[in-house]
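A single structure is presented below for examination.
Naming follows writing order (A, B and C), and every chain is counted from residue 1.
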Amino acid sequence: MSVAQTLGKQPTAADAADAAVTLSASRPSLARRTKNRIASGAVVCAVALAAIPLALVIWAALTRGIERLDLALFTNSMWGVVGQGGGLLHALVGTLLVTGATALIAIPLGLAAAIYLTEYGGQRKLAGITRRAVDIMVSIPSIVAGLAAYALFSLLLGPGTRSGLAGAVALAMIMIPVVVRSSEEVLRLVPGDLREAGLALGSPRWRVIRKIVLPTALPGLTAGAVLGVARIIGETAPLLLVAGFTDAMNYNLAEGRMATLPVFIYTQWSSKGLDTAAYDQRAWAGALVLMAVVVVLQLAARALPPQIAKLRRNR
Amino acid sequence: MRAAAVAVSLVLVGVLVFLAVKGSPAFTAGAGELPAHAANFWALAGPLAFGSLWVAVIALVFAALPAIGVALAATIYAPSPRFGRFLGAVLDLLAAVPSVVFGLWGLMVLAPAMVPIYEWLHRYLGWLPFFSGQPSVTGRTVLTAGMVVAVMILPIMAAICRESFALTPPALIEAAYALGATRWEMVRTAVLPVARSGIVAGGMLGLGRALGETMAVAMVLSAIPDLISVNLISSQNPSTIAQFIASTFPESTGSQVSALIALGLVLFAISLAVSVVGRRVAQQGVSR
Amino acid sequence: MTATVPTSITTTTTPAGAASPAGAALAASETLTLAAEPPGPPGAVGSMSITDVSCYYGSHLAVADVSLEIPGRAVTAFIGPSGCGKSTLLRAINRMHEVIPGARAEGSIELDGVDLCAKEVDPVAVRSKVGMVFQKPNPFPAMSIKDNVLAGLIIRGQRPRASAADELVERCLERAHLWDEVKDRLKKSGDSLSGGQQQRLCIARAIAVQPDVVLMDEPCSALDPISTLAIEELMRDLARDYTVVVVTHNMAQANRISDVTAFFSLASAGQPGRLVESGPTGQIFSAPKVAATRDYIEGRFG
């Protein structure tokens, strides 16, 4: 039905009869149907564009990583290895130590800050400042966190120091805002009347928080923390700067260079020996192990209650 | 609790102070004290800042439409809520792949696969400045790097878009359908106008992420630090700030380190500016 | 009540000189299988015939076996207790139920002899012939008042040129009894209007695409009494040119505005809703045939 037809005088019955053309005539025009179909097709293509790289990366990690996925990989370091053989035990231990240290710094600090923001902060100035600080920290590029940790440790201990602890400090700068945000969101989901019920019984505020608020929010807080760990466990750049790299085992966070899994992958590629295939194989095997760790962490967080679903993307 | 809140703010102040203290000498450093034989700090930072923005913009161009499409697929076009959740899980997984793994993949799988495509682009579109000159034989070009970074920022952008699409009032969706809209016409009338600020905010967040992305670019891109070029397929590529820091830092000492730290400050300033703009746009959307 | 009150379901007053569009439709259309004879008497433009319609949400049967004649160019009211499926049935008429995942309808709903439920009929086409006004006013917030009226055309990519658009906007807003209130601020957002004005804007938007039928799902339940009165007056007025079907909880409203009333009910919660009785409004309210209808109307119902 044309616009000209739609216009005109007050609609009369004759107009109505005119307008009451058949359904087939009021069927959307070919152009409209085509546009609609193109849009639907584009949406399907977009899904494919997101899914295909993921599938290809997983496929590459599986097929190329499996070649060196043997027991020796998990029982050997790279000490003295220049060609075939060797393993990533030193990097695995390093990742565990550095990630553990990061979690020990970031989770208590981030959680406590989140409790302050939700339970005590209100409209106070400090709460506003803290929120803004968290917002800014989220946008710190990870390599800049590495530089900051390097600057801190070289101010304290002299230039050129590298240690697992410095790496943990760098990663904590990345993880703290993640933990604060996810914890704050979870704590806000705890219904206010639960708190009021506790306060009405005459309990002091901190007791209500400890006995009522935190237990209620515990699954969500745990999921947030796990996702925070998943977020930093694959970080490479800051560790490359401040934890450095070594072929040897190092169990001491406070002293000496410490290998980690992501940096292991990078250096297997960047500083190859003569037998390049062996290095590539180890790099892919490391990638496969790292992907497996990340997937397990994701699944663990996903197994926790659904109300924290949105936190998963709060990175 | 109060102490923790103060401590979080102090961490940020600390980051800025440490970077400023260790980085400030570089701003006045002369030739000979800087890496890459730069005459002064800004001659070093300028081309690298260009490279960072260039790669980030390429990534944004590649990722923007797919991100919006995936977000639509997970909300409006999802045949069932279950499909939407499944797609969300795929995106989470994509977001969780460590950048060093993407780097390895981009370098060893994607780059070689792109070589024939670059030769084709050069043959037929070589008259454009983007595709002129000898194409790279390794495929480790700025276009490949941009594509890898695009894959990495896609889930972040899609997540933000998805949240704002999911907030479309059902009443508006019904209003559009009741007027005889096709699904696409409904999306254009009811969903996109309301979500516009969310889309822009997602784009800004993605851009910020792309600017700071280090490892994937460091591994994929074969770069020259003082080059400014818009060629997408050459073996002569500009470098990015993050890549330059990561690849130069391990062998640097003294004044060179302080130059790299100052570069970090510049990168921080750029990504902060991008995220502030993004947040402002998002808030505008909320208040409207 | 106005002069258009029919004496029975099957005899409806129509504007003088109305030709049966169903005949024209038959002649014009080769692509649709049409009923040999349009139901209802000649001249009943926009009359509908609902036959054995059942609506499901997934496996849950919400409305069962409704058969009902809806006269053209008159107001038909659906009344009944909550959950009786009257809104569900209303949404099935322009296939809005298909927007909800898992919802489906069986049976046939014919508009001037054309089955709207047929598989080969595009729901988009149905909705441009059968408009809908919702419980809560829902103007598009990103559009001006003027663009809201034109929304149906803008959506189709058929935005008319300036003078034609102005004319159409004025005509539809006048028809929706809103022109005088908004003519000085057509460029403002639809959000700036009061609830009752927004609802009339939505009505103007619905009639701008020239539907045959306007469905209204409790259009006054979110409005104050004054706005309600304005909408009621408007509904009566609209019935001169459109078939109006309105779902309402308000018994007095149904009595005031409708020509035909259909009473729906359900045996108990979880059971499907059914049509209990329908007929001319006067008869339903004064002499219902079924006891359940009388109980409900007299307020003795649950």
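Simple rule for what comes next: a residue touches a chain if its C-beta (ideal position, glycine included) is under 8 Å from a C-beta of that chain, and two chains touch if they have at least 3 such contacts.
Quantities reported herein were computed from a predicted structural model and do not represent experimental measurements.
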Chains contacting each of subunit A and subunit C, listed by label: B
Pair of chains ranked first by number of touching C-beta pairs: A-B
Distance between the centres, which are taken as Cα means, of subunit C and subunit B, whole angstrom: 51
Separation of subunit A from subunit B, taking each centre as the mean of its C-alpha atoms, in whole Å: 16
Residues of subunit A whose C-beta touches two or more other chains: 26, 28, 32
Multi-chain contact sites of subunit C, meaning residues that touch two or more partners: 124-125, 128, 156-157, 209
Contacts with 2+ other chains: residues of subunit B: 180, 182, 185
Subunit B-facing residues of subunit A, complex: 26, 28, 32-33, 35-36, 38-40, 42-47, 49-51, 53-54, 56-57, 60-61, 64, 108-113, 115-117, 119-121, 126-127, 129-130, 133-145, 147-148, 150-152, 154-155, 159-160, 173, 176-177, 180, 230-231, 233-237, 240-241, 244, 262, 265-266, 269-270, 280, 283-284, 287, 290-291, 294-295, 297-298, 302, 309-310, 312-313, 315
For the subunit B and subunit A complex, residues of the former touching the latter: 1-9, 11-12, 14-15, 18-19, 21-23, 65-70, 72-73, 77, 87-105, 107-109, 151, 154-156, 158-159, 163, 180, 182-185, 187, 208, 211-215, 218-219, 242, 245-246, 249-250, 253-254, 257, 260-261, 264-265, 267-268, 271-272, 274-275, 279
Subunit C-touching residues of subunit B, taken from the complex the two chains share: 79-81, 169, 171-182, 185-186, 188-190, 193-194
Sites on subunit A touched by subunit C in the complex: 1, 3-4, 6-7, 10-14, 16-29, 31-32
Residues of subunit C that touch subunit B when the two form their complex: 94, 96, 99, 101, 124-125, 127-128, 131-132, 134, 136, 138-143, 151-152, 154-157, 202, 205-206, 209
